[in-house]
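Just so it is clear, A, B, C, D, E and F label the chains in written order, and each chain counts residues from 1 on its own.
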Amino acid sequence: MTEWLLFWLPLAVVLVSALAGLGIFIAGEHRPILRVSLNLAAALAKVVLVGIMGLLVMAGQVPEFNFALLPGLDFKLRADSLSMLFAVLSAVLWLVTTIYAVAYLERARDRARFFGFFSLCVTATMGIAMAGNLLTFFIFYELLTLTTWPLVVHNGNRESFAGARSYLVHTLGASVFLLVGIIWLYQLTGGQDFIAGGYLGELGLDQYHSLRIVFWLLVIGFGVKAALFPLHAWLPRAMVAPAPVSALLHAVAVVKAGAFGLVRLVEDIYGFELVQTLGLDLPLLLLASFTIVYGSVLALFQTDIKKRLAYSTVSQVSYITLGVAIGGPIAAIGGMVHLVHQGLMKITLFFCAGIFANLLGVKKIDQLDGIGRRLPWTSLCFTIGALGMIGLPPVAGFVSKWYLGAGAVAVGREWVILVLLASTLLNAAYFLPLIKRIWLNEPARAWPAEIDASRLEVFGLVGATLATTGVAVGVGLFAGHPLSPLSWVTGIVTDYFP
Amino acid sequence: MNRLSLLRAGIVLVLLVLVWLILDGLDSLLTGLVAAVIGASLFVLLHVPRPYHLRIWRLPRFVLFFLVESVRGAVDVAWRAFHPALPIVPAMIDHGVELPAGQPRMLLVSVISLLPGTLSADLDSDGKMLKVHAISEDPDIAVRTLQAQIAYLYGLIGTPRP
Amino acid sequence: MSLLLDAFAALLLLIGAFFYLAGTVGLIRFPDALSRLHALTKADNIGLLSICAGSALMAGELRVALLLLLIWLMALFAATVSAHLIARRSLRDAEDSGADAGKSPS
Amino acid sequence: MNWLLPGLILFLLVNLLAGLWRVWRGPSSADRMMSALLFGSTSVAVLILMAEWQGIRALRHVALLVVMLAAIIAITYVGISGARDKGSETNPDRKAP
Amino acid sequence: MVIDVFLALGLVVLAWQALIGGSLFRGIVMFIVFGMVLTLAWAWLGSPDLAMAEAAIGAGVTGALIMIAYWRLRRINAVEPRDPSPARSRLALVIAVLATGLVGAIGLAAVSALTGDATAARVMNETLPDTGLGNPITGVLIVFRNLDTLLEVAVVLAAYIAARAALGRESADLPLPPAPDTPLLTPLVVTLAPLTMVVAIYLLKAGSQYPGGAFQASALLAALGVLLVLTGRVGPAAAANWLTRAGLVIGTLVFCLVGLGMLVIGAPLLAIPGIWAVYLIEAAMMISIGLTLVLLFAGAPGLSGKRS
Amino acid sequence: MVAEALACLVLVPVVAACLALVLPGRWRWLAVAAGLLPLPLAMAWLTGELGREGLITVAVAGFEAPLGIVWRLDGLSAVLVWLNIIIALLVGLHAAAHYPADKLNGFRFWPLWLLLSGAMNALLLSADLFNLFVTLELVTLAAIGLLVVDRKPQAMRAAVRYLLLALLGSLFYLLGVALVYGQTGTLDLYQAAGVLQPDLLGHTALVLMTVGLLVKAAIFPLHGWLPAAHGNAPGPVSAVLSAMVVKVAVYLVWRLWLWLAGDWAIPAGLTMLGLLGALAIVYGSLQALVQQRVKMIVAYSTVAQLGYLMLLFPLLGLVAFQATSYHLLSHGLAKAAMFLAAANLLTRLGTDQLGDLRGADRRMPLDVFTLALAGVSILGLPPSGGFIAKWLMLQTALAQGGWLWVGVILVGGLLAAAYLFRVLAVLCARPVACPELPVSGKADQLTSLVALGLALAALAAGFVPAPVLKLLATAWPLGGAP
């Protein structure tokens, strides 16, 4: 029984949303109740399944689904600790986002298409989380590109196509590098599983040149989705998508997939030691640092709320890269835990921006004046999220930054502190004025496009937002709890740096 | 089908068997007979009954006439072709046709082209007037002689002279 | 005897060839289409007859002779009928183009 | 005597190609058809001579085939090349530049 | 040797002329002359089979078909000068389809006639006596490599269906030239038709031992059919009755069924049980191919007889 | 039994084609069914047998080569026969729903369809150079007949052009065959392979045959006829033209270069062919990028995708062979699906002009989805058969350090993405006006489902490549990777 469960569970976790997606397509546009129930049921099922899997992993089991496409070419889904981190995040946020999206798109059209691809998109994300080797990772990575495209073009207008085109050019271009890199690696070592500490250590010196090239190929491949400078340009342009998409894209699915890939690359393929030996850590670190500062600076100049959040994402996601590039257990903890923390905070912020836009038509920063009085709960969430981003305790962001800074000091790269400091200042510079406008400024006489939302809609939207806010605060407050992301990550990192 | 047609079909059958024999010898006479019967039935399907028929015993005479005349015609035309001065005087004459439709008229029209100096050029639609193209003198006489010969061959007149 | 026969056959073949030549010369030299037709029909017909006869003599076999006769008869038939049809065609074409002389051919 | 048959064959072939000049030159389609007639009858003669020379009986059958087809082709030519269809009585060759 | 060179040169000149001939009509005549000279060339090279095939198919029937297409083209252009292109392409298609089929057929004959001391030829000469056939070419076509022939008959069928599909139903009244109104034609037809029939059957029968066979016979039959159509004794019909359709497929069908039948009784696929099967297959092929060619000439789905 | 099954593959469709012409009324359907349905059964049995034997040979009519014709079913043929059968059945089903009865019966669709599938099987089985010529002729003519069943003027013109070029190609091929026969005294490909020498004559023969086949395969720069023909053909016909008809010509080029001249070692020639393929990929994709009609885009995509098949020559090796063969298979499925989906759009919306198709996904979601799914395989994105092929191709190219080929494969993928997403973007765009579709009948649904089925098959090919590749490996003639 357990054998059976351990084998099929990873596949079930991945497929449950895919089946939901298909069901939604078949249910079609004109059966909303069926569609929504299906969607919610699948999301709940997924949370449950992921939960079961988490328990198994905690019990020391390794759920693993393996299917040999070809000899030496395995399709492998495996739940290790790192997988679980990402999987839990995705499963939980999918549930929340689904509730939010149902409410958000109450008045929109083409909902079947939207939710169908949304579910498929989650499938891809889950697959990325559970991928046991590079091939599987690549398969879901590309699937993610394909399934998010219809979401980006969802509005069907000129800007959305421009955004989608930019998105495709970047991601597909990157996938070319990724594919070459992966195949090259397969040439060198065959298809090996991800393993803590990497599996390339045995390769001799004569392969180092190849390994360096492959590393950068893969960094390019993952870096586009992770919005690493200079490959980030698609992200702000993709803001044309509906808010739940932005939320999911930027908080969980796409950018995190890239960042997650970078973590896998450094920790599970090369192993930090080898990265260091090859002299690759410093360039990656510099790149991440630059992106952090650069994204923040650009965010400063945005007048559109979602755009500002997008540039903020560019900056924040690089924290993860930064964490793994610094090296050392402490920084690694900071980076990886930021995967979760940033996800929670950023999704909250996007939810809020979506509520502002959807209910009141507020899209620009200067339209935010006094919105705190009109939408107090949402504004509160927004504020908490923003403060978390800046790194104010007790919200989650603080924990990440703390570990990053401490980790940098631990390995003797003190200058990173400066980067963090600059970033924090800039964060404050672009978030605080918003908070001021929300709470302190006088509201305008009329909101740009206020709609008469039903109670249920508002409940869905705000409820989801409150939930994510709560979790974001919770993980910060209870960081010491054995089930918190931080504890979890610490467990992971002890594998990497024994 | 009247007796005359039957007779003709019989003659055709015999001729076709003869053709088969020429082609294949005696090896598979049965196949030959089948082929000849198919051929003869085709004839029966296609042919148009006429009230006159060829008198076989008058054939040798006509053949002789034809051979001699066509050799003369060939020699005549060869002489003209090789003659440096190219002695030809193209002319077109119309000539009445008295022969009935069918084989006699066909024979006239075709054989005329082989006689010295004459070439059948056109026959009007009711078949009563033949345009003859000539490159020598006296085409009239040649046509008239031939008509008589054919008429005699088919028993339409009693003497081969015009 | 055989030599004589062979010589006669050869003579017939040569005669046949001569008439063929005559036909071709006529075809090339004669001034108008109908005249050329004269040359061709008459000369080729006798040329073929002569060649058939010569060949039959050489082969010295009744079946071959009869086959050649059949060939000649068919050729005769084909030649005369075609000659008539071609002449007719040429004549009517000439009439038509004469009648249409005022118009430009389109 | 060995030279006689091939010689004659060659002679007839030369003859035949000389007739080609008429096809090439025309001027009327009647002339062209006529040359085809010449080709038919000359080919028959050549085939008969070849049959004799090479001792292949079947070549006489080929000759018979050619002869029978010649009549049919000639009728096709005449029927087709000059049939008086509306608007295109004139000789198509005159259209050619 | 001189003759070889002469024939070769003649062929080159004629092919060139046929392709680039100044006027279309001249090109067509050149093409037919080319066919005749090619016949002579094959004869001179000592392969009467190919000579027959070339005379019958290459020069004879193709010549007639190209002529009728030429006539139709001119007529269509004259009647509807505005947009002749669809009709043109239809006709061009029909010609081209036909040409492809014929090239295949000639290629078939050409390859089957390749002899000399090649391995295949040597083996064949050893095996031929066992089959009861005297003509190696028929041996190749019907016995040894009959799959080629079977598929080639199917090619003709496919070509016809393709042409038919392109022409469509409305083309039942594709123009045919009026029969020349001369009293010569009836006697001509009456004389030629029975004779052609007998010669065709002879060629079919002779094929097993001497040069000849279904392809040549069918070409001769097709020529006869063309004559009957041209003289108005047989006219186009608007639809193909079942007899016509059966006639079109009988070649392929009989061939396949004989082949499959042998398989059923345990012999190798397409093994030929005896000389009677050779005749059966050849007769069926003759009917199919001949009928196909005549229908293409008539440009109609079916044929109907007329008594004049 | 083997002979029976092989005969079934070839003769049953041909007999059915005859019967479909002769039988009256409803009986024709029976003939069609009887002509197509036994094929998968026979092939399934044969595949089992092939797995045991490794190679199946049957001397047709009981005469072994060099006298007779030998049928030879190896792994490569088997895979292609399967593709042919799948296409014949599924696309045939699509056609049955797509066309009214009068376009199917009589001298129209079915007889040609049956002849085509029979001929294709005959071609794939044959190991005889001349028999291959005849089957190729039959394939071409049946394909051309199918091309004009709708009697559209553009299709007619395209057909004429295609036919003339195909005829030229046939003649070239035939000439080469004659040379081979003259040299070796046999027409059997495998017997000739041992005898034919890489001298001037042998090279000439090879080049002649290759050029002839490349015309039929529409490999750049001889592809000129393809887009017009495939873009204007009726839907089901476009599908089979792109999925099978051009492929078999490439298949023959493979047979010639790897089986007949396998041990000649002519790197210049191999590279040349590879370069043609590379140019085809780039040129075809660029052309597809600027077309204004969906079917034309798909047709140019075929031009491009055919180029990949030529990369076998420079990459020469077992893996490359498996990769290109697998590409052939999955592209066949995906392209058939695409053409069918495009045809559905064209039939039901009345146009396939890109500009008029805005918002088509609202009206025909299933077909747009099919286009997208098939596109995944065409792009070579996972999970799809195209991905497996691309992966293996890249793997062997990288292993050999063939950076040019790596680049070409990757650029081709990107360009494919460009032209496919261009289409999808329009289809998903918000329409100017959104007229509702008339209620779709069962037939329409069936056409959409068939297309979807093919697209799913192309995807499924990404999950179970192992048995197919194993089967292919048994056919590889040249031993391990060089």
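In this section, a contact is a pair of C-beta atoms (placed from the backbone, for glycine too) under 8 Å apart; a residue touches a chain by one contact, two chains touch by 3 or more.
Remember, predicted model here, so these are calculated numbers, not experimental data.
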Leaving every chain except chain E exactly where it is, which of them still form connected groups? A, F | B, C, D
Could you tell me which chains make contact with chain B and chain E both? C
Could you name the chain whose CA centroid falls nearest to the centroid of all protein CA atoms? F
Relative to chain D, which chain has the most distant C-alpha mean position? A
Mind naming the chain pair that shares the most C-beta pairs in contact? E-F
Using C-alpha centres only, name the chain that sits farthest from chain C. A
Distance between chain centroids, defined by C-alpha means - chain D, chain F (Å): 46
Separation of chain E from chain F, taking each centre as the mean of its C-alpha atoms, in whole Å: 31
So the centre of each chain is just the mean of its C-alpha atoms; given that, what is the distance between chain C and chain F in Å? 56
Roughly how many whole angstrom separate the Cα centroids of chain A and chain D? 86
Could you tell me which residues belong to chain C and also touch two or more other chains? 23, 37, 45, 47, 67, 70, 74, 77, 81, 83-85, 87-88, 92
Do you know which chain B residues sit against two or more other chains? 19, 23, 109-110, 123
Multi-chain contact residues (two or more partners), chain D: 16, 29, 33, 35, 40, 57, 61, 64, 68, 71, 75, 77-78, 81, 84, 95
Chain-to-chain touches, reported pairwise for every pair that qualifies: A-F, B-C, B-E, C-D, C-E, D-E, E-F
Contact set on chain E toward chain B in their complex: 181-184, 186-190, 193-195, 197-199, 201-202, 205-206, 233, 305, 308
Where on chain F is chain E touching in the complex? 3-4, 6-7, 11, 14-15, 17-19, 21-22, 24, 58-63, 66-69, 107-108, 111-112, 115, 118-119, 122, 128, 130-131, 133-135, 137-138, 140-142, 144-145, 148-149, 151, 153, 156-157, 159-160, 163-164, 166-167, 170-171, 174, 177-178, 181-182, 184-187, 191
Sites on chain F touched by chain A in the complex: 359, 361-362, 365, 369, 372, 376, 381-383, 387-388, 390-391, 394-395, 398-399, 406, 410, 413-414, 417, 421, 424-425, 428-430, 462-466, 469
Sites on chain D touched by chain C in the complex: 1, 4-5, 8, 11-12, 15-16, 18-19, 21-22, 28-31, 33-35, 37-38, 40-42, 44-45, 48-49, 51-52, 57, 60, 63-64, 67-68, 70-71, 74-75, 77-78, 81-82, 84, 89-91, 94-95
Chain E residues touching chain F - in the complex, by the definition given at the top: 85-86, 89-90, 92-93, 96-97, 99-101, 103-104, 107-108, 110-111, 114, 117-124, 127, 143-148, 150-152, 154-155, 157-166, 168, 240, 242, 245-246, 248-249, 252-253, 256-257, 259-260, 263, 267-272, 301
